[in-house]
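You will see chain A twice below: alongside chain B first, and alongside chain C after that.
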Partner chain A sequence: MLAEFSSVLRATMLGIQLGMTLALVAAGLTLIFGMLDVINFAHGSLYMIGGYLGVTIASQFGSFWLALLIAPLAVGVVAAAIEVFGLRALYGRNPLYHILLTFGIAIMVQGLVVEIWGGQSLRIEAPEMLSGTVSIGPVQYPVYWLFVLAISTVLIAAVWLMIDRSDLGILMRASAHDTEMVDALGIDVSKVFTGVFVFGAILAGIAGVLLGASRSVSPGMGFGVIIEAFVIVVIGGLGSFKGAVYGALLVGLVTAYGALIAPSVTDIFLFAMMAVVLMVRPNGLFGATEAA
Partner chain B sequence: MGLLDAFDPREASPTTDGILTNRGRFGVLALIAALAVLGPIAASVRPFWLYLLVQILAFALLALSLDFVFGYAGLLSFGHAAMFGAGGYAVALLVTHVTPNALVVLPAAVLTGVVVAAFIGWFSVRARGIYFAMLTLAFAQIFYVAAFADLPASLLGVETVTGGDNGLVGLAALEAFGVVDLSSRLNYYFLTLALVALSLLAIVRIANSPFGRVLQGVRENEDRMAFIGYDVERYKVIGFAISGGFAGLAGGLYVPFQSLAQPQLLHWTLSGELVVMLLLGGLGTLWGPMLGAGVVILLEEQLSGFTAWEVILGAVFVVVVVFAPQGLAGVLVSLRDDPKDTLGKVRDALANYREKVLK
Partner chain C sequence: MSHDSETSTGSRKPTNRSASTTSRRRFLAGSAAVGATALAGCAGDGGDDTLTVGHVLPTSGTYALLGESIMNGFDLYLEQNDGQLGGYEVETVQRDTSGDTDTGVSITREFLVEEGVDALVGPVSSAVAIAMMQTVQQESSAIWLNANAGDYRVTQDGCMDLHFRTSFNDWQTSAPLAQWVYDNVADNVALSYADYAFGQNSKTFFQEAFEEAGGEVVDEIAAPLGTEDYSPFLGDIEDSGADAVFSFFAGGDAVNYITQFSDFGLDENLTQTGSGFLLSEDTLPAQGEAALGKYSLLHYTATKETDRNQTFVSNYSGEFDRQPNVYACQGYDSAQALDIAASNADSTDASDLAAALSGAELDSPRGEFSFDPGTNEPLQSMDVREVVEGDDGVENEVVATIDDIELPDWGCSL
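Presenting the complex of A and B:
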């Protein structure tokens, strides 16, 4: 009985940690969708670039912290290039074409990653001070995972506050709501768009480094995480930040409990949950009433 | 432009009826005749080309089936791999356990596609736009995981059904009452060509029947169609099921030729690639997506020799979407209508790009 309790507790903690980190990826995806109307298939690739740059920086300079700082910023630079030279040319056209563009970019990134880092899976070395485990009740829990949980939660809370309270957040929400009006008020909306895209990418890059040291870094991780992130965003309601956070927690917990019950078919629980949510609420938990 | 408009591909289908004009019909017939001649030539020069041609035809049929629901009814399915894979697995299981008779297994593939599509469609049509796309994706992924983990085997308590990760390998060749030898690659090619041509004919017919017009109406304005009194959801489910039948047939033709049914046939990346084929070829034109399928498969084949072939393939998608928004069909139509003006259009596109990016 005690063994069962401890494995459930462990799964719960793992699920929350995974959920909060996935929320970093999903938050960017949902913000980019809400404001730019772009379904960004390259978002998983940005997460993957974060992971791989993290591997290189951490092994070159022997510092996880430097990787956690530099890799996401570099991802931001890549994202800026994608937005300016790719997406910008497509605004105002049928948003479907964003799918083709970002899908093409995702394929390119996957090819480049294999070219540069090879096909095998790599791992970021977690720092010494975060190694080992702590006991929480009956559970031996890795310190690094607690650290990931803490840093993800702080970041998500900060983003939430920024969107909800700051002037910048108001500007972002206003641009999403009525681009033309914000433009008419003398604000350069295209800069806001670039900013949002880069910001979302940096969050994904951070998640890439964080999970690169607990999961692993491999060429398939981009296409893998994008589906998880889509599930999260759709469950939460497209464009809703709050929805993305709750959706991510749900997905994290279902993944962790699923691994406990039937490890080989965990994904079925995930997709079944999404199907049920959409059948009950066709626009997700916190989505607008129209799917737009 | 809101995202709902994104699923309203009016502007992306400039040549919807093009295939029905005399010139369109002539073009299609000429292409089929050319492919019929190409088969024996390929078989004698380089048998590998036959392999490519069958693959192209199967994916062209799959792309056609998706264009029927997406281009005509405005339903973006991100789960067409489910019907493709289900048709493929149905054939593989029948060939292994029952009979390799093509007259049994291919109709079974169609039926499987219809049933799977009706199931997915019935659950999904209430959601609209991107939510519909994600529901279809979710159901397709459930099929993928079920095949990958061989869930049917655990449920039935037998050793293996889908073969799990490895899939079903070493399938026997199809035959037809011992009359036609379909283990001959050339015969199989002719069978595929004939079935794809017939499917194209059938889909063009359905698309332009009163039923097809209702689907088009649903795409243009779903609410208005509902107010007029059409049971919109039923039309969508039926349209989706019809499309699923053709997708199942595509899978049923693809699998025996490969002699392999594997979970990858059901994976979402195949559905994604399919959407790319549609957009690359020209949405809503029926012939454009088939062309797109051919181009993508040829590109993948030709580029696979290069080390970073994915980079080149991705770059092609990016260039097409930025500079040729109507896809290859748009480029070809423009070339036919006014060859000189096409250069001008390229120049306009470049200028437009420069202005938008550097403003």
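Presenting the complex of A and C:
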């Protein structure tokens, strides 16, 4: 089936928006792995908690903006608890321990969410000022979706600059590269670790609130997104922020174009793409150069 | 991983949902043993003076809400009748299928063989129902009250005298809407649906009926089950140039599809119609204003202003502190059907129960209801509903009721 221009344009915009928002989730996953060598299966749950807290805050106080501000911070608090009381004891051990712990947390969070919010789908009410559509060429596109695209892109750019340019970024990269040396220089590395974990979680929480108003919030969303995020991170290179951003854009675009061409096999194609990348470049597209 | 992780949390142990009925059973068994009394309906069946009901329903996973609603409805009817159906004390056993096919079949077998249930209630998923058919047929030891699974193939391929649909079939929730859409909305439609058996069946049934009515289907758009971003599919719908859309989506898919349909401004040029699951009590709160002005077809509508329904709604919300949904009504009617069967048969034997229920009428909150003697499918009226502003968010309002619908028999003749 030959897609028309408007369809291609619409799919491209969805792909970029999806990519930038998924990058918020994948960025946390890859940063946490890069710094802590922990594969965090609970990362999708943090995204989901963001969505659910967003639903509650937005409906209680009638403000999307308050939800966008408070829910990610609350997710950060949850993440801090997970890092301090859970993961910290397991650093340096066999990665299997990390997987067991974080996977267990993911299952627990899913059960808790059903207990608290029930099994049906919920949604965050998007703000009135972002309702309606705008014309982009031949395509009518919702204002809110453009807003999601814009805010995700700004956030990703800011994180990129921070890691690349700021002192904090240098400290993060140094801690990942040589923990003992940074420790010897008088910096409390465990605080850096907690900080990175919480920071990654906040990004995921923001994504949860942003997408919670364009998609439904449901108990399966945590596991759904973690699979996509893993595909992104593996393609981009585990531990590489740049890789996560490019990987997310790639996955977003493939998902969107796939829906135009062959919706039923899009998932298969994504995994096939991951397999090919692993065979050709086992460290991912950006893994070899940047990962420690 | 995403789906299987849900199944592993299901309880493996059978649970008796009511301790009091168990002790009552023990007491009754004891009294039968000393031969003090022969209770009505005992029929020389070795002390079988209770009616054992097995709920083959999910209480975890995607369909948990549906399973719980069915059990609530069943319990409500049971409670209104002092824990008895057809004069028999009722004992209920329940285990979580979590919507999984293999689990559903093994629970069915265990209920039939080990628990010796007289009636099965469930399942929610049609895949589970189709997988259960063989076991139910083989054992032939219980009547099967199908309280939700709507796949027409259970009747086409199974055609079992023990199987009674206390719910609906997928033809009913799509085809009867076609003539109404043709008369009231548009003479051309695009079809969009979740790409799995139920969605495909609904699409095909609607298409057949719509073309028979004289309408034209200009495009069909299949979206994978669980799609989260419908924008590419909505683009296809828009480009099709149709005046109306008929859709099948349910649960989270329905929430995403409907809200994005509205977000992308498709309401301007298109009228959205669909099977009732597209705009139901469990999706409307999340869909909100995006659902306004959209039409759907279902056999039960909680806001329907009949005395029978209002009584049911007030009883249900008094008991469970929430509005009943279509699944609660189906659970309620399952208990009612079993009541009629046991009472007419004066027996708990499966074939006696089935013979007694064949062609029976139910006093259902949904409206007229009787079992088609040829297929045991429900003969019922269907409501066309429009989503309107209610006191408490948006709600469905019945705008038309389609009566005397002739069902296909799919080659089944009992």
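Definition applied: the second predicted complex is superposed on the first by the 285 of 292 C-alpha atoms of A that agree within 3 Å, B and C clash if a C-alpha of one lies under 4 Å from a C-alpha of the other, contacts with A are read in each partner's own complex, and residues count from 1 in each chain.
Going forward, contacts are C-beta pairs under 8 Å (C-beta built on N, C-alpha and C of every residue); 3 or more make two chains touch, one makes a residue touch a chain.
If you're wondering where the values come from, they're calculated on a predicted model, not measured in any experiment.
Chemist: Go through the superposed model and pick first if A:73 touches only chain B, second if only chain C, both, or neither.
Modeler: neither
Chemist: Contact-wise, after the overlay, does A:85 reach chain B, chain C, both or neither (first, second, both, neither)?
Modeler: first
Chemist: Which of the two partners, first being chain B and second being chain C, lies in contact with A:145: first, second, both, or neither?
Modeler: Second partner only, chain C.
Chemist: Quick one: classify A:271 as touching chain B (first), chain C (second), both or neither.
Modeler: first
Chemist: Which partner does A:279 contact after superposing on A: first (chain B), second (chain C), both, neither?
Modeler: In the superposition, A:279 touches chain B alone.
Chemist: Output check: A:97 vs chain B and chain C. Expected answer is one of first, second, both, neither. What do you get?
Modeler: Only chain B; A:97 stays clear of chain C.
Chemist: Which partner does A:112 contact after superposing on A: first (chain B), second (chain C), both, neither?
Modeler: Only chain B is touched by A:112; chain C is not.
Chemist: With the two structures laid over each other on chain A, which partner does A:234 touch: chain B (first), chain C (second), both, or neither?
Modeler: first
Chemist: Considering only touches as defined above, state whether A:7 meets chain B (first), chain C (second), both or neither.
Modeler: second
Chemist: Does chain A have more residues touched by chain B or by chain C?
Modeler: After superposition, B is the partner touching more of chain A.
Chemist: So chain A touches chain B in one structure and chain C in the other; where do those two contact lists coincide?
Modeler: Touching chain B and chain C on chain A: residues 107, 110-111, 114, 223, 227, 264, 267.
Chemist: Which stretch or stretches of chain B touch chain A in the complex?
Modeler: 1-7, 9, 11-12, 76, 123, 126-131, 134-135, 137-139, 141-142, 145-146, 149, 151, 268-269, 272, 275-276, 279-280, 283, 307-318, 320-322, 325, 352-353, 356-357, 359
Chemist: Enumerate the contact residues on chain C facing chain A in the complex.
Modeler: Listed in rising order, the residues are 1-2, 5-6, 9, 60-62, 64-65, 195, 222-224, 226-229, 231-233, 235-236, 238-239, 251-252, 255-256, 259-260, 263-265, 282-283, 285-288.
Chemist: Provide the residue numbers of chain A that touch chain B in the complex, in ascending order.
Modeler: For this pair, the touching residues of chain A are 37, 39, 41, 84-86, 88-97, 99-101, 103-112, 114-115, 190, 223, 227, 230-231, 234, 238, 264-265, 267-268, 271-272, 274-275, 278-279, 282-284, 287, 290-292.
Chemist: Report the residues of chain A in contact with chain C in the complex, numbered from low to high.
Modeler: 4, 6-7, 10-11, 13-14, 18, 107, 110-111, 114, 118-123, 125, 132-133, 139-142, 144-145, 214-216, 218, 220, 223-224, 227, 255-256, 259-260, 263-264, 266-267
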